[in-house]
Structures are given as C-alpha cells and as structure tokens.
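Paired with chain B in one complex and with chain C in the other, chain A is shared by the two complexes that follow.
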Partner chain A sequence: MTTPTTPGIRKAVIVGGNRIPFARTGGAYAHSSNQDMLTAALDGLVARFGLAGEQIGEVAAGAVLKHSRDFNLTREAVLGSALAATTPAYDLQQACATGMEAVIGLSNKIKLGQIDSAIAGGVDSASDAPISVSEGLRAILLDLNRAKTTGQKLKTLSRIRPKDLSPDAPSTGEPRTGLSMGEHQALTTAQWKISREAQDELALASHKNLAAAYDRNFFDDLLTPFRGLSRDSNLRADSSMEKLAKLKPVFGKSLGDAATMTAGNSTPLTDGASTVLLASEAWAAARELPILADVVDGEAGAVDFVHGKDGLLMAPAFAVPRLLARNGLTLADFDYFEIHEAFAGTVLSTLAAWEDEEFGITRLGLDGAFGSIDRSKLNVNGSSLAAGHPFAATGGRLIATLAKMLHERGQVDGRPARGLISVCAAGGQGVVAILEAR
Partner chain B sequence: MTPQSTTSHNKSSNNSASSNRAAGGREKADKYTEFVSAGIGRDLAKRLGLPQPAILRRYSPHAPLVEGPIVVLGHGAGADAVAKVLLDWHQDVRRHATPKEKLGAIVVVLDDLANPGGLSEPMLAIGAALRDLNKNARVVSISREVSVADAPEVAAARNAVDGIVRSLAKELRAGATANGIVLQNGIPAGSPSAMAALRFFLSGRSAFVDGQFLTAASEGSRQAPHWDKPLEGNVAVVTGAARGIGAAIARTLARDGATVVAVDIPAAGDHLAAVANEIHGTSLQLDITDPEAGSRILEHAMSRFGRLDIVVHNAGITRDKLLANMDAARWDSVVAVNLEAQLRMNKALLANESFASNGRIISVSSTSGIAGNRGQSNYAASKAGIIGMVRSTAPLMAASGGTVNAVAPGFIETDMTAKIPFATREVARRLNSLQQGGKPRDVAETIAFFAQPQAAGVTANILRVCGQNLVGQ
Partner chain C sequence: MTAETLLTEMPSLSKLYVNAAATAAKSRLVRAEPVLALPARAIEVRGVSADLAKVTEFAHLMGEPARDVLPSGYLHAFVFPVAMSVMVQEDFPLPLLGMIHLRNDVEHLAPVLFSDELSVRAWARDLTGHRSGTQVQIVAEIHNADGTELLWRGVSTYLAKGVFLPGLDKPTTAAARVDFIPPAPTAQWRLGVDTGRAYAAVSGDFNPIHLSVLSAKALGLRRSIAHGMYAAARVLATVPQSKPDTFYWDIAFDSPMFLPATVSLEVVDHRTDDGAWLSSVFTAWDARTARKYFNGSVSAGRSVID
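Entry: the complex of A and B
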C-alpha cells in the first residue's frame, strides 16, 4: 500500500512580467474590453519568454469592474492567447489588491508543489465598465420572465415607472458610507495633517521617476505596446510644482481651506492590464529562463473604516508591521518600498502613522513608533500617480517592476536586495508582500 | 524598402495571410497577374501584347525541387559530378535534351571553359531546348571566377557567361529564370557550397531571383544535409521582425527549423509579440541604435538558448528627400539605423567566440544601394554602405568559419510599397524580367539559404532579389 507523499515547502520565484501601457479612461483603450487587454498582456508575456503553446500550471487574474458575462474572464483570455488551451485559469477579485492576491495565492501553490508555473494578472477598464439596469427594472424583468400568460406579462410590464429606466453606472463609492474613495481619503489626509505641498511633491516625484525610467529603457522588457500606445498616457514628464499648485481641490471640499486633494495628487481612472510569470526554481531553470526575485511572504489586512477611527485606505499601516514581525524584519532592512499611490495622501498618511508614537503604542501594540523609511527608496521608478491605476492591474505592475529593480540591485551588504510592496484596496482592505532579489 | 516598423494596424489580416504562406500553399499574385493568367484576361493580354507575368513557383518543404527532368550540359568531370549530386537528390537527370520532352531545368557546367569558342556548343544546345522548358523552369550556369591572373582568352570566355545568363534571363518567359554559380579557383563544380547554391537556384526559394550570380568561395560543409529542416538546432536573431519582410524572414527561418529571437523597437512590441508567438519564438524589444544592442542580443540568445548562429540585419527605415532638400535629422537617422547600428552590432558579435565560429550574418541591402534612386541619397548611402561592410567583414569571419552576405531586394509587395500611388506602383512592379513585384518571403528564402550549414562556402555575396530589375546589374 502506498501513502501519499506531500512535498515540502519550496521557493516561488518571479521570472518576469508584462503589462500594456496604462491609458486614461476614455482614451486609447476606450473601445477595448477587459478580455482584449488581458489577452494582449498575456501574449506579450508569452512572446517575451517563448511560451507559445506551453501549458502553464495555472493562470489567475481578475477585474474589479467586471461584466457578468465575463464570469470566466481569465480562462477566456487564456483561450484567446498563445498559451496551450489546456492551461487552467480562475478569476479572483479583491478590489485594488486583486493582482497582489493573485501573485500571493499562486506563489503559495508553487511553494506547496501543487503547480510548477503560474501567471498572475489583473485588468480593468473604467471605459468599458458594465452598466446595469436599475434595481426596480431588474425586479420587473425577472418577474416578466416568470409570467406565463399574456395578461400576467402585461400586468408586470405596467409596473415600469420612468425612474426605473435610468441605468446604474458603477461607482467607486463605498456601499456602507456612500462616500467616494477620494472623499474617504480626504478625511484621512486631514486626520494625519498631510500638507498640500507634501502631496504635490510626491506626485511630482512619481511623474519624474516614471519618465526617467522610460528614458533609460527600463520598461523595454516589462511592457508591450497596445492600440498604438507605448507609454502610460497619464505620464506628465513636464509636470512641475507650479503646475500642480494651480489645480483646485476635488476631494474634501467640505473641509474648506483645509482641502488639499487635487486631480494632480490623486490617481485618475485608468484602463490597462498586467501579468507576472511565477515559477518554481526548477521550472525556470529547465527553460533557461531568468529568475528576478523570490516571493518571500504576503499578508492581507483590513480596517473597520465604518465604525472605527481608521481611514478607508489605512489597512496596510497594520498589515506591514504584522508581516515584518513574522519575518523578523524592520523597515530598515528594505532597499526599496513600493507603496501604491491611490492618492498621494494615502502614501503620506501611512508613513505618518508609522512614524507616530501614539499610533505605534495604542494601535500597533509596539513600544513606540513603528518606524520611518528612507524616502529615496520609495517608488523610485514612479508609481500610480504617474502611471495610472487600472484597479486589478496595479499589483502585477508593482510586482514585476520591483522584481526587476531587485534583480538589477543584486546583493546589498552580503544579503539579497529586499523590497516591500503595499497596496490599499476598497472596503478598508490592503495586501502587502516582501520580495527578495535573485 | 524594409521598414523596422510603421504605425498602421493590420495584425490579424497579416497573420492569417502569412500562416497560409508558411504552409506552402499557392499564394495570390497581384490582381493584374491573376487576371492575365487565365480565361478572358489571358486571351486579351496575348492579343494586345500586354505583359503576361506568371504566377511564380514558390518553395514549400515537400514540393519537388523542380517540375520535370533536369538536363546537365557539359563534358568534363565537373558536369559528371554535378549530375551525380542531382541523382543523389533523386532527380530525373538527362545528359542531353530530347526534343518535345518538357524540362524542369537546364544546368550548364562550364568550369573547364578555355576560350570563347567553347561556348558555342553548350549555348546552342540550351537554345534548342528553351521551347521545351516547363513553366517556372530554371537555367543555371556553373562557371569559374574571372581574375586578372587568367590568360586573356580564358578571362574573356569566363566573363562571357555573365552576358549570356543576364540575356537569357530576359529572354525566358512563364516564370522561368536564369542564374549562375561562380566557382573561385580551386573549388570543384560538385563542392557542397556550389551544390547548395544550385539547389537554391533550382528550387522555388529563388522564385524572384533572376539574372544573378552566387560565388562559392570555399568547398563548404561536408556535413550531411537535412534539406527539409536545414536550420534545425540553430538560433537566429531577426531585427525589424514585427512586420513586412522582417516578419517573413522570422517565419521562414522558423519553418526551416531555427529557434527565432524576433527583435524590433519597443513601440512595435505588439506586432512583434504576435510574430514571436506564431512561430514559437521569443520577442526582444530593443532599439538597434542602442550602443548595447549587440551585447543585449547576445545576452538574450546565450542565456535562453546557450547559442547564437544566425543574425539577420533587416531593420531599416526610409526618410526620403531630394538631396537639395535634405536635413540632418533625415540623413543621420537613416545612416544610424540602416548602417551604423549594423557595424556596431557586428563588432560585438565578432568579439563573441561562440558566435564567431560558424556564425552567419545576413544584411538586407537594396537595389537602391546598387543602382541609386532619386530622392533616396541617404537610404542608398546606407544600403550601398552595407555592401562595403559585407565585403570587408567576410575575411574577418572566414578565419573562424563564419559567413556574411547581403540580399538586395527590388520591388517587394509590402505595406510600405502598397502606399505608393497606383500608377507609379503598377509601373514599378512591371519593370523587371518577371514583370511583377516580389513577395517578402522571396527575400526571406534567400536569407534562409545564406543561413544554411551547406552554404558555409558562400560568403561576401550581394544577391539581388529583384526579378532582374531593369536598373543596375
């Protein structure tokens, strides 16, 4: 009689990534569907690593704004791609952290030996967003479907009122508060007393860093053009503090003069897709593929933004300390920080919380402040304020970018270069992860 | 005539058409050629004396080498050796023509030519057999290189072959072509490199090559040929592979068994990915004018595949302007992309030991670089520069067994030439002995030939793929 043998934990590595340039909503990808964009991102990845016709262990991706007909979005994209049709795929969704969760979940499967290779991804189109009929009309239409006689049908139809005919467009509003994400962040930004100038500086650095990365061809092996776009269309290489200072606040207007959040220091709605190729070391070695970084660990967190005192996008402020404690690390042990710029205020509020002694003691249960980071290590190749933020695609962008940066950096003080990624998400959630250079 | 990339989007249509071609099926000729090839169109063209371009026989791996028996003319040991090779290839070989029997090819072996009088008998024999040639037949001469060391009557006789082949190419009809193989001194007629050239000229690979010569500089590889997959196990890099001729080169090398690294500028990455995936290759987005381009290409090929055997310098741009109106941006960009980038990459390639031993470099030149073209002084400079580069790089590579050659396409039907106004295009495509434009794959087939192991003795050649365009040699 044989007994099943469970393989031990092994490493999951990042081979590389591919994304399409991100486009401001209503722009270059206005008529592209999530499936079009995800397929294009997959095909670029397949071409880069010579995987045409290959069967990958599993592909996981998702979209935040998703049509109900796209219930099998990722599998459909795989079928339309150059990958073997025998490659399984599943959809997942964790708001803006979708891409992060896809990477962590698939890495875990690789670590456990369930699969040898995987592609994690994410896609979002705010241009091609689903629009649904109103709740009233939906109830009537479903009743109509159940009606048997003509009389019943006419009676059901007669219930339609003009107000039922206006469609429901998706919003980024939180269902439990009715506030948009920007309005939520405006409250947090004010709570942490983040200045307008500090936010504009972060936004400017994002544009300058991203433009510089393009200029030195950093994205040549991270990006494949799509629909005539070969750079992120939101990028403003010529942005300046003067130009940013001229913009009027768009969020937190009820705060009056204390309103600081503008279109310049907030991320616009964006369309795009990203993918990351993950593998076991053996799978990558057998194909002589590069290994950029290890996926070390990941952590999800959530805050009670409805009743508690934490802002909607502050979950990473709690998840990072837990993740680092589990791995025996402090902020000083990292060479790069990729903190997703949903809003400049989000990044700065998180950093402020970590530097705040009271927050450290009362909220994190530490002896003092969690710590501060060297700002020269933060988002060094730009982030969402410049690139844009197609919700589910941001995780893949961050993972692939950081993996390449770490690989280029190599060793630091006799240890592999190390990076931290933090992504906040709707619903008061966040997902964070640690990568190490190979 | 070989854009590295352009901006229009016709990916899907491009791909489906190309995959059909890769499968080797008969492809569509231009509309006029289709019209005059059958029915009313054929009768009308005949009556009005209009050009009647043929639908050319193009290569597919399992098609016969030629359509019909091959007559080998000549009485020396060279002719016997060539006939034996053709028999080894399972061809139907005759040593003289039988009147009224349709022929697939005539091979005239003149390696022992001593004086002009020696031409009379074989040429009249060819003349008598011309009416029996099948459609898309081949006439191939094998003769010796003319050198200043030759006695005057020997040199006169050898050089006469040049005039004969070029005239015969203009006389032949119905898709038939005439080309020649020139043996350097000491190279036997039946040597592997000469026979690889003969096989190329006989096959559909040379459909749009007419009135041209290939020189065999050394005996070449004795390695057993694998004619259906000659590039099996080789790794090839093709620059400008996202579209047009470059994409056709990538597909053709892959069909012949090579693992292809498709290179193009990052902005053409989406088309590039489609080509790479179609041929199960890899894409490498880089600008060839980047000083690191050569080392990045080597790094990619060596780290992924552990070797690099073939580099095709196809990427190129045009910035046409009369010299009187030329500006520095137009001049400099064309020379930088089409010529200087190749020079720089070749330096890096030759410095790599693994590539230098047996490596193949094939550049895409142009008939504009041979004959000149009004409004293309910058482009012609770059394409003529390539010819100089190839000739002086050949000795550098010969020491380690590598070769370097160039193709010079004439009028090729691409997205770019499709933009030429109708009347100009219609005239341009008829101004050659085959009275039609070539296909991107015609250029690709010639490049694939230069890359073959069997062509190891074929170096420093500039082969025109132009249907014997009326301009230039």
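Entry: the complex of A and C
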C-alpha cells in the first residue's frame, strides 16, 4: 500500500520586491488601469530577477476597487508578462490587507511544499475606479436581457426613470455604518485622546524618513519608474510642523474642537502597484537569487466595530498580541515595526491601546499593558502618510521594504534582525506578520 | 537620400487629408503630363515625442496593458503624418486618396519609450507596376533625438488601383490564386461598425473609408472598412505576450474587412526546445465566408532583409 508523502514544513523566504512609485489620484496614473500598473510592477520584478520564461508556482494579487471585467486581473497580468504562460494565478481581496494576505497565503503554500516559488502583489487605482450603473437600471437591463418579445422589451425599457441613469461611484464608506473610514478613525482617535500635534509629528516623520530613504537610494532595487514618476508623488520632503498645523480638520468635524484629523495626517487616495518574489530556500539558491528575509508567521484579525465596541481600524491591536504570544515573543524582541499609516491616528491609537493597562487586562486578557515600542524603530523609511496608500498595493510595499531593511541589518545580539508588520483594513479587519533577516 | 524637407512640427493629419483631396481635384484639372518618378527627398521632423494620453487609449483599445514602452501599432500611427506628407507632395506620382494598403514590414531595433525625444524621417521608394495599378513603398524611420541611433523602421506598401504609369514594368499574369482553406481558429474578433471610428480616434487616421458607410461610399466602397493597422496592432497586442527588445513583423492584406465583421484568427507560435519564443505566424479570415483577410509573422531578433 502506498501513502502520500508530503514534504512537511520548510521555510518561505523573500527574495525581493518591485513596485511602481505611488501617485496621487488624478496624477501621473490618472488613465492607467489596474492591469497597466500591475503589469508594470510585474515586468520590473521579472526583469530584476531574470524570471523571463520562468514558470512560477503561483501568482496571487488583487485590487480593492476592481472592474467586473477584471475578474482574472492577476492571470491577465501574468499572460501579459514575460513569465511562462504556464504560471497559474488567482485574484484575492481583503481590502487594505490584500497584499499582506497574498504574501502569507503563498508563503504557507511554499512552507507546505505545494509550490517552490510565488509572486504576491496588489494594485489599486482610485483614479480609474469602476463606476456602476444604478441598482434600478441594473435590474431593468437584466430583465431586458430575459425579455423575449419586442412588446416585453419595450415594456421593460419603459420602466427606466431619470434617477436610474445616475451612476454609482465606489466610496470608502462602511456599508453597515455609512461612515467613511476617516470618520470611523476620527471616533477612535478621539477615544484614545490622540493629540493633533502627535498626529502631525508622525506625518512629518513619515515624509522626512521616506525622503531620506530616497536620497540614500534605498528604493533603487525596490522600484521601477512608471509614467515618468520615479518617486511617490505624495512625498513632501519640505513638509514642516508649521505647514501641517495650518491644515483644517477634514474628519470628525462633528467633534468640534476635538477634531484633529487633517489632509496632512491622513493618507490620500493613491494609485499604484507592488509585487514581492517569494521562494523556498532551494529555489532561490538554484537561481543564485538573494534571500532577504524569512516569512516567519502571520495572523489575521477582526473587531466588532459596527456598534462602536472597537474602532474600525483596531483589529491589529488584537492580532499582534496573539501572533507574538504564539511565537513566544514580546514587542521588545523586534528591531523594526512597520505599522501601516492609514491615518496617523490609527498608528497612535494602536500604540496607545498596547500601552493601556486596562485594555491589556480587559480586552487582551493579559496581566497588564501589552507593551510599548521604541519609536525610533517605527516606520524608519517612511510609510503610507508620505508614500500614499493604493489599498491592495500597500502590503507588498511594506513586505519588500522591511525585508530589505532586515537583510541590511543582519544580526542583532546574536539573532537575526526581526520586524513586525501591521496593516489595518476596511470591515474592521487587519493582517499582521513577522519577518526575520537572512 | 541627400535632399530633404525638414518640418518644424508633426504635421496635422486632418490638414493632410484636406490637402490630398485638393491635390486630387487640382491634378485632374491641371496636370497635363503624369509624374513618372518619386520625389527624391525625405521628409523629416525632429524633437517629437509621443502623446501619453493617446498611447494609453491606443493600448487599451487593443486590449493590452499600457506600458512605458510604445506599442508597435502606436509607432506606426505616430510616424503616419510624416509618411503621409511624403504622399501629398505636389510631385508625388500617385493619388493618396483611395490608395490600398497592401502590406507592412516593421522592425524594432530598440524599445521606444513614451518619454523619448525622437526624430521621424520618411521617404518613398520602389515605384513599380502591379497587375491592377501601381504600387509604392513608404519607408518611415524613428531615430533618437540626435539621429544617431535607428530605433524603429516601418515599410508600408500601397497600391494605387487603376493608375498605370507609362514605362513601369508590370507583371503580365496575376499571381496564381491559391484556394484558402481556413485552419481551426485560435481567436475570434467581433468588430462593430464603430471599429474604424474608434481606431481613428486613437491613431489620428481619419481616412473617410474607415469612418462611416456614407464616407466610404463617397470613395467607391460599399461599406466602411477596418484600418489594416488596427488589425496589425491588435494581433501585436498579444503576439508575443511580452515583447523582446528587438523583433520584426510583417502583415499582408488580402481583402478589406468590411464592417461589421467577425474575424477568425489563427496564431501559431514557434519556440526553442526550452520554450523560449522565436516567432509566430498568423492568419485571419472572415468567419462566415472564409475569405482571407490577412496573414503575417512576428519574429524575435533582427530582420535579415532590408
């Protein structure tokens, strides 16, 4: 009798990444489609690592704002690339955590020996967003398709009213609350008493850090220029506390004087794409490719935000403690923290929750506060406030950036440098992961 | 080719078409003797670059991702005003309007980026007899800004039907007609009546034969026809999927694609033993009548022919 043999758990490693610079909505990529941008990011990755003609184990990517015609967006991008046409691909979507989930899911397949190589990615265009016909018109058009006689067709068409002709554009509103993400975060920011000044400081640090990273050519092997852009167009290297202080609040205005969230400390809508090359150690070695970092572990989380029990973007505050407990680690065991800056208030609310004793005891079930982090280890090469945040593309940006930082750092106190990534997402979700240097 | 006319900017295609119509009318009235030779000068324009918005629309119409590297079909559209300027010169021997597009031979010697500053140069050559008229080749080249590197070259062959110039040899017998037996298609295109207008909008080629039934009838066609370059550009959008830095392609047109049309297409790839793409051949025909529309090939590397 034969029984199936499975190779068991092995390591999944990050070889490198490639993204296109992120552009503010309506800017350099105003007319570029998701497929244009994902293809550009993929083309650059293929060129950087000599993958032309290579059959990759699987490619997974997604977009949050996606046209229905792009149902096979990732596979189409693969077919348009120099990768072997025999490379399978699938689309996935977990709001702003799409890229993170793609990396974790594909890493798990590599760890299980199901595939030897993978490309994870994400893309989003807020400029070229799908606009759908109104629900009324949609129902009429579908009925029209089912109508058989001319009489039935005319009768169906006669149901169209002027209001049916106004299109529906996508929004960042939560379906269950009707509040935009910014309005949700404004409530959380106020709940954790995060000051305007603290948010502006975080935003300023993001711009300064990202500009410094560009200036020392940190992104040279992480980025391919596209449409004339070679840096993220949202980056304001000359930003200052004075300039940020002048901006008026845009979210939580109903809070009156407690409104602190401005266009400066909130991430703007952005267009862009990113990709990450993952592999088994043997696959990378056989092609003499670099190994930047191990994908150690990942965790998805969600909170009950609908009636305000927790903030919409607070899922990582719960997911990180679970992930660290499972791996026997504390916040003190990390050298870098990449906490996605959906809003400066999101990062600061998360840190505040971790430092709060009552939150630790009542919500996390710990003996006290979860802990605090050394702020000099936080988003050291800038993050979404400066780079922008094309929803599904942010995970790939963070993974590739952190993997390179860890690889450059090498060993710390006789152990590999270690980094934590935390990404919040719409729907009260979040995905977090641990990487270790190679 | 020593003499040349240097243009200060990319000519306007719509003006060229108006000029072509005026020249046609005038030559009917005043040209007593036919012109028997091609003008010896090339026409050149320097310091031009692509219109990024148009490039994006062009690629999307063809169903391919819009890249920073310009698609071959777009490059043809880009040089077309210069090529057409060659054909509307007073001393050009053939009438531009009503000219039939017979074939294209195109070579990519290096990728051309949307941001590149370019020089475009075009001239006419090989005025020869054809059994049903006179044919001519228009050569268009794209160089880098200072003209030191050839990036792209396209040769378009046109037929002026019913125009017979004295002194030109012409084949006395028609080429043997081979019955076309359609292979199994690998793809099908459904081209609506607006296909010509859509391509005109992204390419700038508003030749009336492509725009509407009425404008096509005015030039003696029973319905409007798709641009030959639309077909070429659409094939090249997916053949090969990913373009090497150097490649060359050709297409020969057998019959016009009257709109609307359902086009069957067969593409056959040739690869090395390790699966690397070498070349593809393609054939297209009318899905209903099995009449052949066009055929051609795309190959990696540099062309060996001139």
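We take it that the second predicted complex is superposed on the first by the 436 of 438 C-alpha atoms of A that agree within 3 Å, B and C clash if a C-alpha of one lies under 4 Å from a C-alpha of the other, contacts with A are read in each partner's own complex, and residues count from 1 in each chain.
Here is the rule we use: contacts are C-beta pairs under 8 Å (C-beta built on N, C-alpha and C of every residue); 3 or more make two chains touch, one makes a residue touch a chain.
Note that the coordinates shown come from a computational prediction; the quantities given were computed from them, not determined experimentally.
Colleague: Clash or fit: what happens to chain B and chain C when chain A is overlaid?
Modeller: Clash: chain B and chain C overlap once superposed on chain A.
Colleague: Is A:127 touching anything from chain B or chain C once the two structures are fitted on A? First, second, both or neither.
Modeller: In the superposition, A:127 touches no partner, neither chain B nor chain C.
Colleague: Which partner chains sit in contact with A:53 here, chain B, chain C, both or neither? Use first/second/both/neither.
Modeller: Touch status of A:53: both partners.
Colleague: Scan A:265 for contacts with chain B and chain C and give back first, second, both or neither.
Modeller: So A:265 meets neither chain B nor chain C here.
Colleague: Output check: A:228 vs chain B and chain C. Expected answer is one of first, second, both, neither. What do you get?
Modeller: both
Colleague: In the overlay, answer first, second, both or neither for which of chain B and chain C A:189 touches.
Modeller: neither
Colleague: Of the partners chain B and chain C, which touch A:40 in the superposed model: first, second, both, neither?
Modeller: In the superposition, A:40 touches chain B and chain C alike.
Colleague: Between chain B (first) and chain C (second), which does A:199 come into contact with in this model arrangement: first, second, both, or neither?
Modeller: neither
Colleague: Is A:32 touching anything from chain B or chain C once the two structures are fitted on A? First, second, both or neither.
Modeller: A:32 contacts chain C only, not chain B.
Colleague: Classify the contacts of A:288 with the two partner chains as first (chain B alone), second (chain C alone), both, or neither.
Modeller: A:288 contacts chain B only, not chain C.
Colleague: After superposing the two complexes, find the one stretch in chain C that runs into chain B, choosing from 19-27, 145-153 or 163-171.
Modeller: The answer is stretch 145-153.
Colleague: Please write out, lowest number first, the residues of chain A touched by both chain B and chain C across the two complexes.
Modeller: Overlap of chain B and chain C footprints on chain A: residues 40, 43, 52-53, 82, 225-228.
Colleague: Over in the complex, which chain A residues touch chain C? Could you list them?
Modeller: Those residues of chain A that touch chain C are 31-33, 35-36, 39-40, 43, 52-53, 77, 79-82, 84-85, 225-228.
Colleague: Can you tell me which positions in chain B touch chain A when the two form their complex?
Modeller: Within the complex, chain B contacts chain A at residues 7, 9, 262, 266-270, 272-274, 276-287, 290, 303-306.
Colleague: Quick check on the complex: what are the chain A residues that touch chain B?
Modeller: 40, 43-44, 46-50, 52-53, 82, 217, 219-221, 223-228, 230, 288-290
Colleague: Per the contact definition, I'd like the list of chain C residues that touch chain A in the complex.
Modeller: It comes out as residues 52-53, 56-57, 59-60, 64-68, 114-115, 241-242, 274-276.
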